[in-house]
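Here chain A shows up in two complexes: once beside chain B, once beside chain C.
Then we have the complex of A and B:
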């Protein structure tokens, strides 16, 4: 197994870290030197202090929990629905032809455009967040699954046919593993999009979570706290992406893109 | 055993028709090892797919034990040229071999496992049962594909240029493996190849195909001794005669337009 190229060069990691430190330093210096007003951009040290206060606040952890609940629940619903619909539509040519234009019409509708609808239906509860998250994440998964189903190798298909594999065996042992790399990409994209929509819903609609806490901090002039919460949201996105990539590598250990050089 | 009668295949579509196979008729007796050799692009793979029931012929028919082949049949197994695409990389060697057997509901779990072990032993891969196909060399991967076909216990084994993608030494070993398995198990084998030497070395009979649109150009009984050896058999004067004969037929087939039906 060859590790990814970026990990083989310790220099690259050091350079990345230096860039991050540079950013933190810039944010520290800009308001202190008066180039930017500290009212809008507090120095790093103050943001970090606000962050420490947040981490000791139980309300913060509750908000984080709410955001993660909306994210995880929405993502789970979207993935299950996307995979089931994708396998069904993708393996029945009639359904595929019948739904193609509808999917192309519905998919580009930005999830945020559904905010008024979500409020009408669910008010400011978890339901609103879920509607937006599921809508945004569902298409990511569905479209990838549809591509994946189409990608069955002709020789693999002939092999399955020549050995009389039944419908279930073909779905389970041929179609699903073939589509899995696509499914994983879809899930990874959906996981990121789901977080964006979860926080957007909380921020705009005011359903409980990190987003509404950011909004509250902003309206009460607690600017360092607001930045601290934004940093948390960013870190959350980073962690989610890392976790998704790890799951992807584990699940696709057999795939060309992951397995690297053959071991003899 | 296996009867191919008046097989014809025309590929249509896009306003253009291509006649791949014109008129093929031949028979394999039970337990026979027949090699089909022909110039590249003569429709060997098309023919094999029609015989395997993977492709419907335009006209003519394929009979297995007297009954027409209209789709893949449990009595036949195919070994494809592209072993790396034919084996499932997400399954261990053992599971690859076992998967087709799971479709045969009459087989119990124990019988299934016994068949898998036996097939892997026959191709000398018992030690690699737990590996993934992509961890093996090309020749070993093709052995896995052969083991999968063996475990399926077919009456007829169809092999589509199975050794075209492996190096010469591996190929020699695999050829001897096919001869050995054929002698031990007595199944009927149709072996398609573009390699004249391979066809003469392996077969009891060699059918030479013409260029496309394809007909059977020539049929030759291989009069080499039953026991073959990579060094002795190939050095045999008769081997040279036979391969020269096949070569001449292929050259004739390539230059002369095939007789119209």
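Then we have the complex of A and C:
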């Protein structure tokens, strides 16, 4: 739920970097030693050369921008919708009971299965990407918010009631502080899922972005270029996760799960 | 072309409502009564970024579409799963699809209308832009040897397996004994090399890649179906065909011109391919270009329809007169 305490220590960062370097080294060695054919998995050095060419291509940066736009917009919509719906459903027992089975029915439907519907509704542009991203990310947030609200301490809740706090004050001072760590977890999960879906949508539908560039490289048998773009997608995921963790720590500086880190 | 069946099911359910909405909206886009008066209509075409669609890219570059009053936008999409609903909903005015997929769609009452030729087989055995390939040291010599073997096609129940079966039959084998597996074209060279499949039906640039690894073409399935087989066509929705016949006419004329130009300028084709694909230079040099006749070959489409019927691809026999231009 919360970042492992060790993540902030410099030693851990070095270890993480070493792991990444180890992976790159493995990819360099595997094709060179003939374990896999270099035609299908080019060595890291070859991928990096293709990467350098990509970075010099204006179209690549436009594609990156398109992907990030789809990701950010989709994530924002999903988080706002998830939090609002979660607080509403979670704090009204009747709604909670009425929607529980519907949520469990809709949640496991893979976003990718909605592609034909998305194209039919929004064409092959940003709209389709957004539909898939929002659909996938929304449930991550919603479910966490629901858990969070369920977690409210009954004593606190009863105290608030006996002090005659209004609805808004209850949401603000009782619900929200309890739910926030859960919301943050939901946002962090949603941020990664949103990136996966943004790229998948582009890959499958062909809406402009990194994904469609990967698809073109794939159909063109341009293997090093394809891996270069996949590497970018991976780095993007890493950065997004790092950013989400930072936001989580800042927003929860008061919470024991984060305060605990400093003590250690 | 992948997952076309799912798409069609969804498309068929939603078509009525959606075309009703998009009809009223799309009239603002541009007046189709442009004729030659210098006014251009914005037209979006869904294409697959492969060698086959080079003429439309070339024609756009050469100004053939502009000359006919069409402001062309080409949107690369990943196959029929995105293109067919895109055309049906009016997001694209035209799309590119293989003929068998169009036949299947027609038989399922998806409101599509083929308007212009797309791409055709070279008609030369062993020198087509697609073929049945095996790896270097494979004992398979002809399509008849595929009996009991595993053959990769990009989409099951489509033009790949029906045409491969035609090859097997022609070579004297029993097509019902061939085992087909679905695999994207781009993964076929690796799968063939690793022995995961015994043979692969592949088109360019995968074909050039396999040949470069020493693989062999044992049969040209498109050639075995019919002489000068029409493989793919550009299509529109029946709603758009009815609503904007002038634009359709202009698109047909410009496409005819583009196809003829591409067919007689292979060097320019190879150059334009580098603008929308990433095919490596070394591969592109060895790519066999298809033929781009200006008109579809009706009798070859009849044959494809018959093969599809034999293979049970259609629930109802497609109405070719209604589908074709």
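FYI, the second predicted complex is superposed on the first by the 242 of 264 C-alpha atoms of A that agree within 3 Å, B and C clash if a C-alpha of one lies under 4 Å from a C-alpha of the other, contacts with A are read in each partner's own complex, and residues count from 1 in each chain.
Here, a contact is a pair of C-beta atoms (placed from the backbone, for glycine too) under 8 Å apart; a residue touches a chain by one contact, two chains touch by 3 or more.
Every value quoted in this text rests on a predicted model; they were computed, and no experiment measured them.
Aligning the shared chain A places chain B and chain C next to each other free of steric conflict.
Touch criterion not met for A:214: it reaches neither chain B nor chain C.
In the superposition on chain A, A:222 contacts chain C only, with no contact to chain B. In the superposed pair of complexes, A:123 makes contact with chain C only, with no contact to chain B.
Contact with chain B, but none with chain C, is seen for A:166 once the two complexes are overlaid on the shared chain.
Judged by the touch definition given at the top, the superposed model places A:203 against chain C, while chain B stays out of reach. Of the two partner chains placed around the shared chain by superposition, chain B is the only one that A:158 touches, whereas chain C remains out of contact.
With the two structures brought together on chain A, the opening angle seen from the C-alpha centre of chain A toward chain B and chain C is 150°, to the nearest 10.
The gap separating chain B from chain C at its narrowest, counted between C-alpha atoms of the superposed chains, is 49 angstrom. Of all residues in chain A, only 37, 39-40, 115-117, 119-125, 203-206, 212, 215-222, 225 touch chain C in the complex they form. Contacts from chain B toward chain A in the complex involve residues 49, 52-54, 72-74, 76-78, 80, 82, 85-86, 88-91, 99-100, 102-103, 132, 134-137, 148, 152. By the touch criterion stated above, chain C contacts chain A in their complex at residues 3, 6-7, 10-11, 14, 18, 46, 48-50, 75-78, 81-82, 85-86, 88-89, 91-92, 184-186, 189-190, 193, 205-206, 208-209, 213, 276-280, 283.
The part of chain A that touches chain B in the complex is made up of residues 153, 155-156, 158-159, 161-166, 169, 173-174, 177, 180, 254-256, 259, 262-264.
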